[in-house]
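Both complexes below contain chain A, partnered by chain B and then by chain C.
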Partner chain A sequence: MTAALTNNPQARLPALSKTRVAQGLLGVAVLLVLTKTVLPAGLVRPPEWLVWPFADWINALFNFMRDDLGLMHVTRGFAEGVEWLLDVTANLLYGRNRWPYLGPIPWSVIAVTAGVVGYALQGWRLALLSAGTFVWIVVMGQWTWSMETLSVIVVAAPFSILFGLLIGVLGWKSRRVEKILNPILNIAQSLPHFAYMIPVVVFIGVGPKAGAIVTIIFSVPPMIRMTLLGLKKVSPEVVESGHMCGATRWQLLHSVQIPTARTDILVGVNQVIMQCLAMVVLASFIGMPGLGQKLLQLLQALKIGRSVEIGITIVLLAVMLDRCTKAWAVRQPEHFEKGTSWVVRNKFLVIWAVLVAVAFALAQVFPMLDQVKRSQALSMAKPIDAVVDWFIVLIDPVTQWLRWFLITWILIPMRDAYLYLPFSAVLALLAAIGWAIGGLRSALVCIAFFGLIAMSGWWDRAMITVYMVSFSVLLALLVGFPMGIWGARHDKRAVKVLLICDTLQTFPSFIYLIPVVMLFGVNDVAVVSAVFLFAAVPLVRYTIEGLRGVPEALIEAANMSGATQRQTLWNVRLPMALPTIMVGVNQSVMFSLFMVIIAAFIGTQDLGQEMQRALSSTDVGKGLVLGLAVAFMGLMVDHLVNRWASRRRQALGLA
Partner chain B sequence: MKTQFKLFTLAAGLSLSATATFAEDSSDPIVIPTHNWSSQIVMSHVVGQIFESMGANVEYVSTDSQAVYESVRLGDVTLELEVWEGAFGNSFRAAQEKGGIVDAGDHNAITREDWWYPSWTKDACPGLPDWEALNACKAEFVTPETGENGRFLGGPVDWLKHDAERVEALDMDFTVVNAGSASALWAEVAAAEKTKRPVVIFNWTPNFVEALYPGEFVEFPKWEEGCDTDPSVGPNPDATYDCGNPANGYLKKAAWDGMEEKWPAAYKTLTEVSFTNPQIAEMAKLVDIDEMEPEEAASAWLESNEDVWKPWVAGGA
Partner chain C sequence: MTTPETVISCNNVWKLFGEKAENYLAGMTGNPTFDEIRQAGYIAAVRDVSVDINRGEMLVIMGLSGSGKSTFVRCLSRLLDITGGTVKVEGQDIGALDEKELIDLRRNKMGMVFQSFGLLPHRNVLDNVAFPLEMRGQDRHTRRARALEVIELVGLGGREEYFPRELSGGQQQRVGIARSLAIEPDIWFLDEPFSALDPLIRREMQDEFLRLQEMLGKTIVFITHDFDEALRLADRIAIMKDGAVEQCDTPDKIVLEPATEYVRKFTEEINKARVVHARGLARPINGIAPSGEPIAGHTTIQEMGRLLVNDTRDLMPVSDKNGKVIGAMARQEALDVLFGAPA
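On to the complex of A and B.
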């Protein structure tokens, strides 16, 4: 919101009347604030008749679906199926006592397999990364936990991919389905994770199967989107030639359209896997075993060093899977001459089979290659803990001062100001911003989203969430933007900074919460600094990508006309990169909204705290209402930024 | 609906479990929930391993400690080993009213939850543990966010501890700040320890924190029956909650109401299980201080305490 505000003047609006309307609405907003003391109560806070019992309706609907429609049996039936698969993978990967009673597979076999996959996809570097990840896991004594995690992901990811493909194809076949799908996907992708979990607990229960299902639900949307996108891009000529060969509709889809859309679909697969890893920690709240569960236990006992080790494992797994799927997406299928021997065509399969046989045999002789016990493992927890302790004591005077300064002079006044605003003034202000950016339609969109939040009955809490998010994003802009400019200076530096961004993004956010409390105590400064860390990442990333994406010719032209470096930056690069940077602002708001909900574990008085309570009392209606309130904030910002960026792109001739 | 569902799980269970046992108990796994604090996890593994020694199949699943009562009620998990009167009494009672969950008896341990401070706080405020002395040194606990008042860091709001009401009723110069999770409470203590800053937080016993940071509970006016409902009880005649929490809360076990029928022997043992405060503290210590894994800690505990648990097993001793 703040971001949209500050960028408003640069939007160079074509129609003067539009500015007039926006100014008028802004005037109304200011007037409402100034006259707050004499305003009727109904304009200060949503009056009673405006607050609708959405939560009760949702609960009634869910009870009806569960008890009267018997949907519970359907979901539980599906869950039983998933559970059967989970038992199989659990047996193979970590030897759970279930059919087929074969596992656990020796770690060396899994590491070798990963290495061969990496080599086949890209070469030595990826092979080293893939195999190295598993060696790290075993050396750090995290094998069983990691396999518990992977046993769920291995089941969840294919389901997501399959559902994503199916729904994507349906949406592509029928305009009507696509029309219904779009808003659902928008909401699904901006709903906080906890909101999904409550219905899952009710319909599925707890345990690995619930973890798998919540992961599937969470990771499906990007797959649907990428499938749709990919299929839409297939050129009519390709389809035409399929028709000419006499392909049936199924053949056309299966052998022509999907293979042509391959790259986009594989990007979707990549997204699914990333989302699965993002859920590792959160899903353990409802029974997903493995790394996430262990991480929460260790954090609870303040074992930061060992939590960081687990965090590193999650990052490594994410980086490895990301690189592998990306390599797969880029790789074009190989075609062999007729008559090439089977061994040559399947050389990687052969290499793999040989290596696996060797690994199996060696594992029989050397038990260390089969299983490694925790007591045999290494740990770097002690030095990490020592560094953390040292750091906290060292900067204690600074943090104490910062805590005092931020709370007394910025956060408390800002929070009071947000809470002081009459809700009618907030709506008028948002309408003004909407109107200035996208005319009547955007103004109505803004009012609709925030009007619904007002009607949910959680206005004050929503304003606290808005206050924390807007301050964090502002802070992230102040830091992330210059860092992005600095990072974009050289190619090598850009690569390094982007790698740090990747790492920060996949590092489990829960780990930040404890050090932040140790630094600042339980208060808004701790919350804001945890959220800020998350909000800064997309800003840095998109600033770099935006600046580096500016066409060379333009920069050359600027250089030729004798522009200094500073002039090129401010007058050519930045204006050209602004639409991309705004996408970063948009992402930053989204990330902050997710993080501020998680920061409820530090202690907040916002929507996140209520969401946490809804989860512990399994109150589906309340959880979804709160989740939707958060989603609407995100969607409003998304709408405004997209409107603004697309106009801007058109103005710059980039669209 | 319920029987249908039971049949379903039973069928699914039968088709999956090839390792049938000769005990009269069902060979379906007994599902034991674990939460995010170590004593509960170790205790779950201890009881799980006892069940296993009786020939049962046991599985562990990590769940939220409040939401678990809904799962016990539905039979998704079979039992719960640590029902704290203060923290989970409400959730347990609510689930009991809905039906499906039964009380499987109390542990020997008593629980206490109240305002607590680590020992170094006493250096700054020597009159402790008396609550009036605490109030007199409020200046030691002042923070930017609480202004002139001292800061008391309470547990998450949904633990419903009525700290704010108590501050009001006893006219204390403290402001209650609610942490969002137990981890946040410990993180505060850990940070305060590094600079020996005085803090007063919500804490309970038995708990691993006692082993890491010695401390004491603040002594409020003694709890009397009706202190929370009748204003005339307690020092302030016009307010409720003008007293400390009960110093001897129960620690209970709960079970799914189908457990007795399905695993009669295990259920019998469950009702016999009873741990004391020192035993619970030791289980926590094995993990939190000695850095054992919960499974190993449970085995180690069982090995060195056979005389404690053998009598719980029917026909054992």
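On to the complex of A and C.
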């Protein structure tokens, strides 16, 4: 391969000039840094004429939409519908005093239902997990909060699924719609959570209603993507057979294409529900009651014991919802023997009906099976607090030192260094990287994304975000990469580690804040550690997947030519796995960006802090500009990594 | 004898894959070869094909992989819009049908069996087979009864609740066949329908096929890679190469008088005696009345080998199905077919 390249002068020339250009740009960047003191101010920070009032424009547009187009009435109307549904679920799940005045359903009935669903979908283990989650919730006395959270998911997820399905089908039917949809989805999926909240607050206000609507909007994009993907994957012969059976377009869609794309669509449902949970927890920032709000309050009050309990509840809910929907997605239809009776065919329904009846009856006799008051709960917050306190005191010297060391010797110098860089030098550096990876086009993409950030007027804040993300990702690489290599060494270990990573990835990001606040309190070190934890998981995961995915034949060939384990790893496995590992790096950067912004409330001075301010002053323009600035960072990295990985795959003959 | 009624009539049908293929075809001069078209960036899957298919006829299409067989059949059912030429079904240009008319045509006249089955994975056998009836809007009960009937016919009785993934390839193929039979189509397209079946069932299905065709007089377009199968079933065989039909004729003619070098090569390996029938060698009688017992026209040369060797007549009379003498066959010629012509 390389021989062929070097022998061919035409192939070599552009490659050479490409690195030359990149080196030249790098030189410019270095020069700009070195001569900073004598540079004109316009090259150090974006000059005034370059900073455009995007926020004002967006605000004007929003005001126009809200007041002149009367969009307010539409959104309010929709919101009222959602509120009505929320009231119904709130009544049923935790007995809010609203129509239909039936609730609350006894907790034992809900636990039994969850158990039967788990059993029907996968078997005993999932049944135990599902029912156990609800038992845990009730035992810990968190029933009302959990049901507040769940009642929103129950309303929001179906809306997201429906909208996603509709938009997905539209995009699949029309190439033009798909073309418009793609960039929107790209941006939407890299906008931090808060960016969604501000417009919703403007249009809807705060409270559960707003929480539900922001959740709906936030979880639609993955559904659209999976619907599109699934419909595209339906084999042409299946569609043709539908045509030959004389199906009309509508018949074709609902009885051939959508059912055949079932698995992908259900994977979309899984993602919707996980996104819903993540967002519902965060929606506490806009007055959404429930688990998220409690967690937020407790964390801010540094009540570690009870935060841990709530954290466990959220984690259990996340894992349960994830496992159940995944099991549903991969379920294959199975036939019954002929002559099977109705009862056997519908055995889960029968079991459920019986168990629910029993639970209802028992709940009448034993009030404990109906509702459990907080005072009756078995909260373990006190012992947990004691243990945590003991632990914290024990390792206090270490954390103290670590905190001092990180802040004085790494974080502050690093932040100052990033802030020292003239913005022109940063742009030149990014252009150099872009050029080296993907030529002129990538260089322009990099400049465009960061140029827009410069024009937004939030350069310094953005650089602080960049510094935290780059430091955390670097740390995550240093830890995650070796861990991935270690995990990939044996089959069994790989499966285990992958399972752990999978589970950790289902946790809503908020959860990662609990241990770091516990250890480091509320400061930059805590933020960086949370981001680091969150970012390390995808790295471990993709490193393992990349290493495991290397074709056996190649490894055998290496072994045959007498390579040692280490040589095989460095010369065969890692180079082949690198494209996959880079996907992990990409995800890691994305996750870090999200996390940095979320962590803002425990004290940072970056874009996230400004976003919180925008949220509390409901400044849509500012909020969206900040959100887009974060999204552009993510999209730039995404572009670079994808370019690099696809080139690399081609070179390795993998694509 | 009545002239056979043409059911499907194709005139200069072209199918090119590629951007703006119509423009390329319109501006095309002369008769470019497959490779020349490929140079221009198009794949000529069907090249200038003109074939008429009669009612009750079974046309078998053969050719190497990628020669355009499946594509041609898709053009006949308008699963693909053709690039040039016309396809008429019962006199109606199907290119001109609107969506509704096309759906009607497919609901009432056409059935198709797909090379890789094209079953709906989420429906069990019964619901797959009943699918075309469901599309027509028949009620649950009738479609169930009819579906069970055809499921029985293809030998899948008792498995109607299985899902496609729970069936073997051959069984899945039979579901596909049953589904296409459910609406009793007049025109039946079969894309390698028996390729996934084991030899025994394959034979059974072929017999079933011949019986059905005899009984219902369906018009069938059948794709196969298997020459024996083609010989058993075909009224005519069309041999395709690079999208063009090299020759479309009765099996006898194809082996006895190959139109092109390619067809000769294609049929070289075949034992001609098994293919050629007495009627294929029969010449009209010009006044001479050959004596003796006539030979039935549908016997192959191989089947009458012993007779040929033992008989002493130079000319042997050949009769049709009803016993009427239609011509005479030179014994020497038949012996040449049997043992190969002397060098």
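Please note the rule applied: the second predicted complex is superposed on the first by the 602 of 655 C-alpha atoms of A that agree within 3 Å, B and C clash if a C-alpha of one lies under 4 Å from a C-alpha of the other, contacts with A are read in each partner's own complex, and residues count from 1 in each chain.
Just so we're on the same page, contacts are C-beta pairs under 8 Å (C-beta built on N, C-alpha and C of every residue); 3 or more make two chains touch, one makes a residue touch a chain.
Small disclaimer: the values here were computed from a predicted structure and weren't measured.
> Could you tell me if A:G480 is touching chain B, chain C, both of them or neither one (first, second, both, neither)?
The answer is neither, since A:G480 touches no partner chain.
> Counting only touches as set out at the top, which of chain B and chain C does A:V517 meet: first, second, both, neither?
The answer is first: A:V517 touches chain B but not chain C.
> Is A:P259 touching the first partner chain B, the second partner chain C, both, or neither of them?
Only chain C; A:P259 stays clear of chain B.
> Under the stated touch criterion, which partner chain does A:G546 make contact with: chain B (first), chain C (second), both, or neither?
So A:G546 meets neither chain B nor chain C here.
> Determine, under the contact definition given at the top, whether A:G621 touches first (chain B), second (chain C), both, or neither.
neither
> Report the partner of chain A that touches more of its residues: chain B or chain C.
Looking at chain B versus chain C, the one contacting more residues of chain A is B.
> Based on the superposed arrangement, let me know which partner A:P508 touches: chain B (first), chain C (second), both, or neither?
A:P508 sits against neither chain B nor chain C.
> Is A:Q332 touching anything from chain B or chain C once the two structures are fitted on A? First, second, both or neither.
Touch status of A:Q332: second partner only.
> Which chain A residues contact chain B in one complex and chain C in the other?
No residue sits in both footprints.
> Okay, in this complex, where on chain A does chain C touch?
235, 237-238, 240-249, 251, 255-256, 259-260, 262, 332-338
> Taking the touch rule as given, give the residues of chain A at its contact with chain B in the complex, in rising order.
Spelled out, the residues of chain A in touch with chain B are 67, 70, 72-73, 76-77, 80, 83-84, 87, 97-99, 101, 201-202, 205-208, 284-289, 293, 296-297, 299-302, 374, 389, 392-393, 396, 403-404, 407-408, 412, 513-515, 517-519, 521-524, 599-605, 609, 612-613, 615-618.
> For a test of understanding, state which residues of chain C touch chain A in their complex under the given definition.
74, 77, 79, 99, 103-104, 106-108, 110-112, 114-124, 131-132, 134-136, 158, 160-163, 165-166, 176, 179-180
> With touch defined as at the start, can you tell me which chain B residues reach chain A in the complex?
1, 4-5, 8, 12, 16, 18-19, 31, 33, 36-38, 41, 57, 61-68, 70-71, 74, 76-77, 91, 143-145, 153, 156-158, 177-188, 190-191, 194-195, 208, 287-288, 293
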